[in-house]
Structure formats: C-alpha cells, structure tokens
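Chain IDs A, B, C, D, E and F follow the sequence of writing; residue 1 opens each chain.
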Amino acid sequence: MFIVPFLICFPLVMAFLMFVIREKKLQAAIAYIGAAVIMAGAIVLFMQWLTNGSTRISLYGSEGMVDHLILAGELALMVLVTVLCFKYRKYWICLLSIIPTLAVAYYELTGPELKAMARVRIDTLTVLMVLIIGIIGSLIVIYAIGYMDGYHKHYKDVEDRRYYFFMLLFAFLGAMFGFVMTDSLLWLILFWETTSVCSFMLIGYTRTDEAINNAFRALWMNLLGGCGLSAGVVVFGYMTQLGSISGLVYQVVQNSDVYALLAVTLIAFAALTKSAQLPFSTWLMGAMVAPTPSSALLHSATMVKAGIYILYRLSPAMGGRATGTMIALVGGFTFLMASIMAIAQTDAKKVLAFSTISNLGLMVACAGIGKKETLWAGIFLMIFHAISKSLLFQDVGATENTTHSRDIESMHGLIYRVPKLAIFMFIGIAAMFLAPFGMLVSKWSALRAAVDERDIVVALLIAFGSATTAFYWTKWLGKIISPTHNVIHSEIKDITKPGENLSLTVHAVLMIALCIVFPFLSDTLVKGIVLDTYGSYAPVIPTMVLYSLVGIVVVVFLIPLIAWRIGKERKHNVKLAYMNGINTGTNTGFIDSFGNEKQLWMSNYYFENVCGEEKIMVPSQMVAIVAVIVMICMAIGGAL
Amino acid sequence: MGKILKFAPTIIKNLFSKPVTVNYPAEPYNYPERSRGHIEIDIDNCIGCGMCTRACPPGALKVNKNAGTWTIDRFDCIACGFCVEKCPKKCLFMVPGYQEPMPGKSEVEYKKSEEQMAKEAEQKRLQAERAAAAKKAAAAKAAAAKAAAEKAAAEKAASEADSKGQPSAAKPEAEKAEEK
Amino acid sequence: MGKRSVIPYGPQHPVLPEPVHLDLVIEDEKVVEAIPNIGFVHRGLESLTEKKDWETMQYVIERTCGICSFMHGMGYITTLEKIFDCEVPDRAKYLRTVWCEFSRIHSHLLWLGLLADAFGFESLFYQCWQIREKILDMVEMTTGGRLISSVNKVGGVLKDITPEMEKVILSTIDTMEKQLLEIKDTFFEDYSVQARTKGVGVLSKEDAYELGCCGPFMRASGIATDMRKMGYCAYGDIDFEPIVSNDGDHFARCYVRMMEVFQSFDIIRQAFSKMPGGEIVLPVKGNPNGEAFVRLEQPRGEAVYYIKTSGKKNLDRFRLRTPTFANLPGLAHILKGCELSDVGLAILTIDPCISCTER
Amino acid sequence: MAEIINPADVLIDIDVTELLPKVMEFKTNGYRISQACAAYINEKYELSYSFTDLNTYEFITLRVVIDVDTEVPSISEIIPAAVFYENEMKELFGVKIKMINLDYDNKLYRINAKAPLGPKEGN
Amino acid sequence: MGKVKRSPWLLHYDGSSCNGCDIEVLACLTPVYDAERFGVMNTGDPMQADILLITGSINSQNAEVVKQLYDQMPRPKVVVAVGVCACTGGVFKECYNVYGGADTVIPVDIYVPGCAARPQSIIDGIVKAVALFQERSDEHDALRKSGKNGRGEEL
Amino acid sequence: MTITSRVICVILYIILGPLIGGLLEGIDRKIAARMQRRVGPPILQPFYDVRKLFSKQVIAVNRAQTFLLMTYFLLMVVTGAMFFAGQDILLCFFILSTAATFLYFAAVVTSSPYSSIGASRELIQMMAYEPAVILTCVGFYLASGTFYVDKIAMSDSIYLFKMPGFFLAFVFIMTIKMRKSPFDTATSHHMHQELVKGLTTEMGAGNLAMFQVTEWYENVFLLGVVALFVLNSQWWSIIAAIVLVVIVYFAEILIDNTNARLKWQQMLKITWIFTLCTAGVNLLVLMLI
C-alpha cells in the first residue's frame, strides 16, 4: 500500500514546497494542486481499503530503521521547541519537551526489546479519520488560499508570511495522517508532538504579544499532555514489552493489566489536553488569535480530533472502569460548562471555540463510557462536528473579511446583507443542534447510551448541556435573520473568493447529504468501527428507525419550504414595528427623551455576570483538575 | 421566603361564590340620588341672564336671551354643577342619568315655549310701561307672583323626573339633536 | 454596540398606567441607563388662571387628576381660605377629612391592584379593584361623582353626609377591612410576590432625603413625615401615627400603603365618632388678595399649592407642586440597576400620577 | 391626642446673587427642597425656592425677584432634586437658568408655544 | 366572515387625560363591570387591536403617538373617544398645549361623554363600537371577496 | 398498534387537537374569571377570537414572519402527530424544540424591541424546561425500557408510581410551556405585561391566529404526555388519564391565578433546581433499582 507513506510524506513535501516557493500565484497554484492530491489520496486509500474487503490491514511489521528515524524526529522537535522557548524566554516550558523526549529516547534505546507489531494499521476508524482529514483538511487549505488574501488586506500590520502558514497547514495534515494510521505508540508520540508544535506555531502566526502568549499556553498544555503520553508509553513498554495501541487495549480488556490501565489513564489524560477538555480548555480559546483557517483546522478535522481519536481507540479499555468513569465525567462536565461559557461570548470565533470544547466533551464522555452504543454515537458526533465546525469557521472568517467584524452582534441582519454567507452560516449552526441534523440525533443516542449504562451524572449533564447549547446557537441564528437596524452597515460588498466559496459549498452540501445518507453511514463505516473495536455490533438505533428518521428529516426540511411557498402567496401590508407609538417612521429608531431620534439597538442576552468566562472558567477548571488528579491517583494506586 | 399559593383560599372561595359583576346594560343601573348625571333646564323659567355660561368651566353652554334659547353641548359638559349653583333663577337641575355615547357630537337647544315667549314679551312690555308709568306697579307685582307659582310647578315636575332616575333621561334630547 | 440594547419604554405601554417615556439602555435585561421623558399629558392648566376666574378654576383644578381630585379641589380651596383668612365650620372640616381618606383608600387600593398587575398577578389585581369599587360607590353616594366630587367651596363644603349615609359607610368599611385582610397576607407573605418586591428597587433613607422624595415613597425609606400631622382639616383632632418602614424596597412601599389603608379606615371611624353638627358652609365676600402656600398629604405624598393674587377675579399665579414631581429624581435613582421586568414595577412603586405632575 | 406641628410659613426676599450661598446654607442645615417655581408678575419674574425640614415641618421660601433678562444660576449642582423644577421654569416661563445638571433644553414638555407662562411676545 | 363582534379587542391609549376617564376604562375590565363578558380583551398592542379607546385630550407631544398607534392597527378598526376631554378637550381646551379632542388627529367613530365617563357609559360606548366594528368587518369581507383588492390590500 | 389505528389517532389529533385546545382555553378563561369573581367570556370565546383574527387585514413588520410561523405550526402538528402515532417520544420533543426555535425566529425576525426581548425570554424558557423534558423521556425509557409511545401506553403498569419525580418536573415545566404565571415571562395572556405582548407583539391578524392554534395543538400534545403517565393496557386507564389531565389542567389554572410573574433569572434557577430535585432524584432511584 504505497498510498500510506504517500499520505504521510506528500504533505511534508508540500510543506517544504510552500516554504521555498514564495511567489504568490505559483504558491497558490501549487497549494491547490497539493490539496486536490491529498483529497484524492484519502479517497484512494478509502477505495483500496474497500476493495481489500474493508478489513483491518496491518503493515510494516519490522521497521527498526524507521523507528530510529522517528526517534530522531522527536529529538529534532525537542531541539526546535527548546530553541523557541529560549528565544521567547519561556524557559521552563522546554522542560516539558526535554524530559519526556529524553525519557522516551532512553527507553527506546535501552529499554526491553518490544514484541513484534505492525507499525501501521488501517481499519475502519483509520479510514474514516483519513477521509475527514483528507477531505475537510484539503478544503480548508483551498479556503485558506483565498482567505489569506483577504486577511492580509484587512490586517495590514501583520507581516505576510503565507509561505510559513501554508507550510504549517500541510505539515499538520501529514502529521495527522501519520497519527491516525500508526499503531505504534512510539510513532504516535512523534506525530502527537508534531501536531502540538505545528499548532503552537500556527497560533503564534501574527507574532503579537497576545499571539505569542497564547501560543505558548497551547504549547505547554499540549506538551504536558505529551508528558502523559510518553509516561504512559514508557510504563507500558517496560512492564509488558508491548508498544502498540492495539496491544495496550488488549492488555486491559483481556488481562486487566493494571499497568496497561495506568498507561491508558495517562494517555487518556494526554487526550484531554489535546481535546482541550477542562481544565485544559484555555489553550483552544487562545488559539483564536490565529487566522481563521488554522482555527478551522484545529477545531474540526485535526488537532482536537486527535485526542478524540485516541480516546475512541482506548474506549474499550476504559468502559466500565474507574478511568472511563472519570473521563466520562470530565467530558460531560466540559460539555455543560463550555456550553454555559459559550453563552457569554459575543465573538463568533469564541462561541465556536467553546462549542467545540463542549462538543468534544460529549465525545469524550462517549469514549469514557466506552460501550458500543456510546462509540456509535461518538463517531457520528465526530463526523458531523468536523464538517459543520469547519463550515462555520470558514464562514465566520469570510464574514469577517467582508464585514470587518466577527462580533455576533454585528451580524445583525446578515441574511439581508450578505445572503450567501448567512445561509451557509445558517446551515452550519442548524446542523449543530437542530432537528433533523445528525448532531442532534447523535446527541440523542449518546444520552440513550448513557442511560443504558446507568451513568446518571452524564445523563444529567447531557440533559442540561443540551439546553444551554440550544440557547447560544439559537440566539446567534436569530441575530442573523433579524432585519438590520442600522442602515450604514447594509452597504457591504461580499468579497469572498471563489476558492472560499467552493469550500463552503462543498461543506454545506456534504452536511445536508450526510443527514440523508445517515442510515447508510451507520450500516457501513460506523458499524465497521464498532465491530473493529468491540468485535460485535448492535445498533443503538435500528436501521429501520434510521430510515424512518430520514423520512422525518425530509419532512422537516420540506416544511419550511412549503411554508415559504404558502407564505409568499399571502399579501401583506407592511407596518412599522411596535415602539410604544414613537417610531420615527422607519424601524431603525425612535424619538428619545430629548426629542431627537435615537437609534434602536437590540442585542442578545449574554449573562456575563453568571456565565462569563471569568466567572466560571476557574471554578470549573478546579473541579476538573480534582477529577483528573483523582483519576490518575486511582490508576497509580491500582498499579502499585 | 414566603409561602406559596397564599392566594389560593381566596380564589377558591371566589370560584364558588356569585360573581360581583353587574349585569349592565342588560339590567339598568340604579344611580344614587345625588349622582351628577346631566343638566336639565326649566327653560320657561330661565331669564337668559348668562350667569351659567360665564360660570361653566368648559364653556358648554350658550344662551340667547332674545331668541329665548339655552343650548348645552352635552359632549362638552363636565357635569360639575357649577351652573346650577350659579343660576339666579334656580332653573337648572342636576339629575341622574347620562348622555348616551353617540357617533357624533351634538348640541341640544332648548327653546322657550311660544306662550312663555309671548308672556315674557308681555312682561317686558309691562315692565317698560311700568318704567314709563310708575303708578302701574301693582300690575307688575301680580305678574311676579304668577311667575313664582309657575316656577314651583316646574320644580315639582323636575323632581318627579328626578325620582324616576331613568338612565336614558337625556336620550330624547340627544336623539333630537341627531336629527338635526 | 456590544451587549447593550437601546429601547424605548413608553409612552404607550400596557404596564404604564400613564404615558411617560424612558430611554432605556439595557444589558441582558439590567437597566444601565434610564432617561425619563414627560410631557405627553402636559396641558398647561396653570395658565388657565388668565382665562377663568378663581371660582371656576376650582373645577379645572379638580381635574388636575382624577384620582385625588377631591384633594386637589380642597387644596386649592384651602389656599384661598388661607388668603381670605376665613374660618371653616367644624363639620365641614370633618367631612373633608372623611373624603380625604376616601381618596386615600381608593388611590391606594387602585395602586395595590396596579402593582399586582405589574408583577403579573392578575387575580390579585382584580381582587383589589373589586374592593375599591365600594369606595367609589360611597363617594358617588355622598358627593354625586364617582371620581370627581366637586363638593368644596370656599368656606366649607356643598354637601353633607346624612346619618343614613354614615351608617352605610361604616358598615361598608367593615366589610372592606375584612376583605382587605385576606389579600394583605398575599401581598406580605406570598413567595412569588416577595420574590418580586423584597430587596428590589431599594432607596436608602439618605437618598430619599437627598432626592426630595415624599409621601409613602419616602416613608417606606424610614422617614416619618406626614403632612396630616400639620393638622389641616380635622386631622388635629384625630389620633394617628405616620406609617413607616425602613427597608426602602418595593415591599416596604407596598407595606406602607397597605397599612395606610387600614389606618384610613380607622381615621374615618374616628372622624364619624367625633363629628360635630352644625353649618357646613360659611359665605365669603369679594375676591382674594395676597399669597399663600398650603401643603397637603395626598395619597402620593406632599402636594404644595401656591396662589398669588391681587384682588382681581383672575389669579396672578397658581402653582401646584405634586408629589410625583418631587418623586421623579427618586424614581430615576431606583431605575438604575434594576431589571427590565422591574421597570414597570419601579415606576409604579412611586405611584406616579403623571397627569398632576405635568398639569 | 396627637400633637399638631404647624409652624408658620416664612418668606425671605433675597437677591439673585445670594441665591447659591443661601441654598448652600439651607442644605448644610438639613433642609431639603420642597418646591421651586416661578411667576411672571408685573413684568418681573418671581422665583420661589421653598425649603422644608421634615421634622419640624418648617417651610421657608426664598424669593428672588429678577428682570426678564437676568441670568439665574442653577441650584441643581447643590440640590440634584431641583433639576425638574428648573427645567420647568426654563421651559414654561423662559427664565434664563444656567448650567442645569440634566438640561432638557426646553424639551421637557416639548410644547409648541414658547414660554407660555412667561412674557407675552409681541404684545 | 361570520360575526366578529364577539371578539373586540381594545387598545387603550391615555392622551392628556386627568386619569379620571383612564381609570374608569380600566374599571370597566375589572370584576364589577367585567367587559370581558362581551369578549373584550385589553391588549396593549396596536397590531392586535380592533377598537382604540382614547381618553384625554390631544397635545403637542401625544398627537404623533395617537396617529401612529391608529396607523398600526389593522383594518377594520373603530375609534372611541372616552370622556369630555377626548371628545372636545373639555375644561382644558383653552390651555396652550391642548389641540382639542381626539378627532383633531384621527377620525373618531363614537364619542362617550362624561367627566369622568362612567363605566356604564364606557360599556355603552363599547357596545356601539362593536356594532360598528361588525359593520366594517362585513364591508372588509365583501371587498376581499370581490377580489379586486387582494387580501391585505388597502381597504 | 396497527397502522390503521395509528392513522386514526393522527387524524383525530389533527382534527380534534385545536377543538379540544380551544375549548380548554375557553374553560380556562371562564374558570379564571370566576376565580376573580367575574362572569367572564363565553366558553367559545377563543374560537371567536381566532375567527376574527383570520378575518382581519394581514399586516406584518416582516413578511418572513408568516413563513416562520407556519413552519412552527406545521412542525408542531408533526410533533403531535408523531406522538399520537406512537413514535419515539424523545424524537417528538426534539422536533418540538425545533418548532419552538422557529417560533423564536418568527419573533426576532421583526427586530422590534418587545418582540425581540420576548423572544430572548422564550429562549431562556426553552433552556429552563429542556432538561426536564429530556429527563422525562429518559424516565419513561428507564421505567418501560422503550422510548416508543405506543409501547409505553400499552404496557401493564402505571408509570406514575414509578416516576412521580418526573411527573412533578413535567407538570412544573408545563407551567412554562402553557405560558402560565409565574412563568409567563415571554408572553402572557394576562392583559398587562412588561413586554407588551412579549414575543407575539408583532403578530397580528392571521399570524396571531396561527400562533394561537399552534398553542392549542401544543397543549393537547402536552396533556397527551401527561396522560401517558397513567395509560396502560387496561380500559379504565383511559378514565384515569382523563381524570389526571383534568386535575393537572386545573392545577395549572390555580397556579396561574395565585402567583406573581417571576423574573427569568428566578424562573431558570427554580426550574433547574426543581428538575434536579425531582427528576434527578427519581432518575437516581430508577437507575439504582
């Protein structure tokens, strides 16, 4: 399977090309081609896997050479991090890189000989991840080409380092491909650290103080996770002479090996940092300073999904064990708290970020409960979330370029001002929480699975979290469709580039299509994943029901259309809005206390005093820290 | 904090008692006797002095001494009763019963009866004569006595109408005004 | 613009009893800024002194407001009496006292009802107004008008209360008192009511003093001043103490007014038990000449009447400072920081009477 | 029997320049404003600022008689509660009051007529 | 369409009234008079109202408000002027800031005199207004049926 | 349940829903009036109102409102139809919340101050009742092992005894859903509200009528859920269900008339705490046994 190394290496080659070719046009052209090739590559892999009978494929049984290369790569990363830390005088952070890397190197070079294992394993989950990364990732790259143009026109004071940006994007994709395809824990560490460092560099793109601070925050949190991962790998390796993920899971599930469980706990801890769960959510918030494509990439297809991916891999090992319970708890708690914090945000990207954290929380909870049903729900959550979040980030970015603001309050009446972007935004947001979109159904099955597992706390957290989630999305949607009350803003030219449009359209179409092929997806990919992971499959929602769901989906889609048709027939007399009898003749203002015209302004509710990030971030971090510490202590206690 | 459903006993009690609602307009309302409803005039007794017009706060009254008319705009009258207090002849009365709502505003004009006009003209003539010839004072006295008797009769009539206290006492005039 | 909304509140708004307007800046629903605007009811009736003589003016001034119409008429007449320096018969003084208290009861019951309505307690509102109707019936029985009584005259009153009427009044008051005791508990003890009134719209004693507030609004902030203590009408002979509360919130204002209704019942009973017989009006001659201030305790607080005249039929200047006018700064003060749902309630708790405020 | 407190009203004539010091003095002595009004009599403005003591029920009026053109300083800086009184005097009488705290600029009542209670223009 | 007169919804706006008529209007809705017997509902929203009750006179500031509220009401609609002030300006008609009765700014259909207008009078006024409302509604329907003015066009 | 009986149920719901809903409202208004010692409107008053509204001139601030309201209406009918066809109850509530979202849109699409604030409050109300709704479904699932309405209704036990906490929570949030005091923050049928007419401020004529009818459908659906608490395969359970529905409805009227309107903060807090204390505890008990 040549395609496997190709998918890992080609993006790296592209990254290099991006770095050397600085001529804008050429660079863009190559980037387009590269993105297309990556997308094609992902599809090719999917095809090959299908033709191979959709079964697990193991490759590269003994690759000592490559293992050493990988180790060298890790060391190189360590050096890079150390240099950067010194450059920006964040000395202590480099310790988080140096210690685990050296520990791993020491273990690698002097530790026990590992039993034979496949370095690469292609199973259904991998294929799904490759598809997500390949398709959404490349679309983001395509989008970014157009976006960065607008971005640098808008932010003149930011140095134009597009080559650097695209280099990182491609490198990121390569690392992600590697991450989801490998079964070797050692390889995993390298790809893990690579994504950490890439995201760190992406966040620092603008090189403002804020960007640099946030970048380092992201770095240390992710490196801390890296420490956990490395520690887990080392402990596991020493105790069992195994070095693969599948081996790890096997040890726990079949042998109830306490050391393996400790390793699982540590790796799960690492996943918490990567997936920006409480108490590590702040890095993802800080990542917002970077240009939007990088946010889109971090939030949808890559980075945070890496944490989720690894948790899904480990979920059989966690189900029914203390680690799983605590992970589920942290996830559920994050789901609720992040959605509450999202309420207080006006910055669209921040809302998206909190929503990402929140939804990841749900996925983490699914993984933590670790049953077939939850995995089923979790996978759907991941798919739908990846697409809609990517769509939303891109759309918010495009909107920001067009209207020069990404404040939700200033999106008032967007549908009248920039209809196209508003419609995409509408689809993206609706997909996040409204019936009939998949996110809601997945949430429903997650709830159901939690109940089946008698996990009362998670069930409660989901019940309350759904309510808060619906709140912030709905008010945003409302903002888009309410007519503008300031005339000045209404004259706006949509400057969205064709590339951006292409990417947005594909996302939106994909989103709607997935709602309809939902049952099919369930029967193929998702079923395969559950089978791969648990060896058996019992659909949470029977396929029959899924098909009837699709029927309802169609009905629910059709209803607004029918209503729209009928509504159009009706003739209306348009009247002034009610303003206590003192309109000024338009709906934009009223006569104020001094007899002058005053502009009406309606703003949404934010509950800053209750839901503000400042108010509840720290307390919820505290709770989560306690949960995480308890989890690790229990695992260590169990091991000793 | 307080108790909940504190009001429940009251409304349950209400639920099982008779409503206090008066069944107006199906059943007419009985106005108390002092009720300041509308102004009635014993026009034949009016001397057209205009005291009432000058007193009337909204200016709802018009008097034409020569034509023998007294006009009230019932859509302007605030039923204050000041004119009644001011009228030197005590020929104005405040009686219960209200002017009905109408689709248009209208004034009601009261005109002295022909005989009264004639009588007054006669009186005037007599007075003039008396002024001219002071010796005919006795005749004037007789006329004054007659006037007093008439007034008493009018008052009696008015109080009869008063005691009936029908709500639409003002209807006829209003309808009359409508027709105009 | 951030997270703030800018909206109009009034003049037409169902919670507002009368047309006033506020420019509201709210955040979520917390009021950040509230600028009041009045003038929707301004007629300019003080200028009518140029056109109407001092006797006719009484009927205009009674219509400054339909709620304490009697008090306005009486205030005007009392000021003239002060200028004339004429003595009013004792019986007239007692009669005036009774009618004053009628005004207070009907005004406070009306207010209690509207307050209930403003915090969304419709049944309670109906209950209050149902009780209130009895007062109006008694006012009509004694004066001939439900709201506007027109019974004052310089030197006394025009109508007497007959012994039969007295009997009816006393027994009606007893039933009213019983009914009111029932709803008193709801106002004072019900959880949902307390949730809306306790600790909301607090006006401290210092602020109440500083901002020139008056009436129950001020007494609810712990200042025990009541113009009736100055002994006008027959109040000098009547035993009562101003009702105060110290919390200064909506609840306290509700408490003060509710208790004042009970006090009024008591005052009416006292008045009837002490009422002398005799004349109800003494005639005066000529036109007034001079100037005088008179202060009365209206249901809403202290009203100041000022007349300046120079012996002509028309007054030189008539001036009416109404309680709501004095309470406006206090209102602006409590509006800030309250919730949008409380805006109507806050406006109500000062028991505004915009029509007399703007005249 | 309850005591009756009924002190006689006091009227003090002062010059416009004395206004602010006097008001300041009242304020420090614990009086508060009860009313303020204007009257246009004999082609002069008579401004009355009444102060009262809530315990003794005293009622003291400061009377300032000024020409139509005289400017009057606002007392709203010292006594915020006077804002609406002063706006009213300004709008209805045309008294030239300077520096009101919250100046509605003759739009408190938003009437069409200009200073209807003040000097009649053109007559 | 059938009888709409069973459901007249009121919008009450208080112009420059002295509150006298204003509170009597409110009193009509309270238990003793209970206008809801006739299906009356007091809505604060012009958009939903059928009958506009105006109390008090019109002055420089509320003229616009009254006009606007009237315009915001959907057809068919009826205006009732309650009290002498709303009919003619009453005692205040000579004040400098009073334009006069409600008919100085909008067409008034029913005049309810009285100062203050009694609840009985107001109920009489409403009953008359309801009859008028039915009439106008029939006209409205006829026009709509005739199809010349498509639904919702100016009637 | 056979297909035919399902279809019959749905058709009955579509036809009888508004009739029963309207009648209930009429009775509600009558009883409320009597509680206030008034005579009150005729029982058929709600129908008169709706008929009148449909005959009025169509006015709107924003034309889109009609389409959004119609979506709200249709989705509500779909919700109820699915419920009475014996479908998944959780799904019903999900579609219900989508319907409610469209109501929110219909209110904000005017950008008018009171309508928008009312809409925001509606959203808060949704946030307040959503957990209780979801938990009630979960409760049914735990008690009966299925989310299917028909299976729940045709079982052998009375779930009310197993899930009293959920029942209380559901009745509690019905106060919000039915726009009854003390939780009628978004809009209110009482005559004076701080938000004028709340989220219905800009709905006039036909649009308001549509809103009204949708509310009737919704109430019938909600009362159907209440009935589900006692319905089982026995014939007498139908009578028991009717009795329960009547009791609940009367309780709502009583609550409506004995409470002041709370502020949304208080509403949210009380509802969530109450939900946790009733449904949450019940959930715990059910999960443990």
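The rule we apply is simple: contacts are C-beta pairs under 8 Å (C-beta built on N, C-alpha and C of every residue); 3 or more make two chains touch, one makes a residue touch a chain.
These numbers were taken from a predicted model, which means no experiment stands behind them.
Common neighbours of chain D and chain E, listed by label, are A, C. Looking at chain C and chain E, the chains that touch each of them are A, B, D, F. Farthest from chain B, judged by the mean position of CA atoms in each chain, is A. Interface comparison, C-F versus A-C: the higher number of contacting C-beta pairs is recorded for C-F. Among the chains in view, F has its Cα centre nearest the centre of the complete protein Cα set.
Relative to chain E, the most remote chain by averaged C-alpha coordinates is A.
Rounded to a whole number, the gap between the C-alpha centres of chain A and chain F is 37 angstrom.
Distance between chain centres (mean CA atoms), chain B to chain F: 58 Å.
Look at where the CA atoms of chain A average out and do the same for chain E: the two points lie 59 Å apart. Put simply, the C-alpha centre of chain B and that of chain C have 32 angstrom between them.
Each of residues 570-573, 575-576, 578-582, 593-594, 600, 602, 604-605 in chain A touches at least two other chains. For chain C, residues touching at least two other chains, in rising order: 5, 7-8, 11-15, 29, 35, 37, 39, 42, 44, 47, 52, 59-60, 63, 121, 123-124, 126-127, 130, 133, 145, 148, 190, 192-193, 195, 358.
Contact with two or more other chains is made by residues 33, 35-40, 57-59, 113-114, 117, 191-193, 196, 201-202, 204, 257-259 of chain F.
Pairs of chains in mutual contact: A-C, A-D, A-E, A-F, B-C, B-E, B-F, C-D, C-E, C-F, D-E, E-F. Those residues of chain A whose C-beta lies close enough to touch chain F in the complex are 412-413, 434-436, 440, 444, 447-448, 451, 454, 456, 459-460, 462-464, 466-468, 470-471, 474-475, 477-479, 481-485, 545, 549, 552, 555-556, 559-560, 562-564, 566-568, 570-580, 587, 600, 602, 604-605. For chain F in complex with chain B, the residues that touch the partner chain are 31, 33-40, 254-255, 257-259. Within the complex, the chain A residues that touch chain D are 593-595. Contacts from chain B toward chain E in the complex involve residues 19-22, 24-25, 29, 57-59, 73-80, 98-105, 167. Residues 4-8, 11-12, 14-15, 17-21 of chain B touch chain F in their complex.
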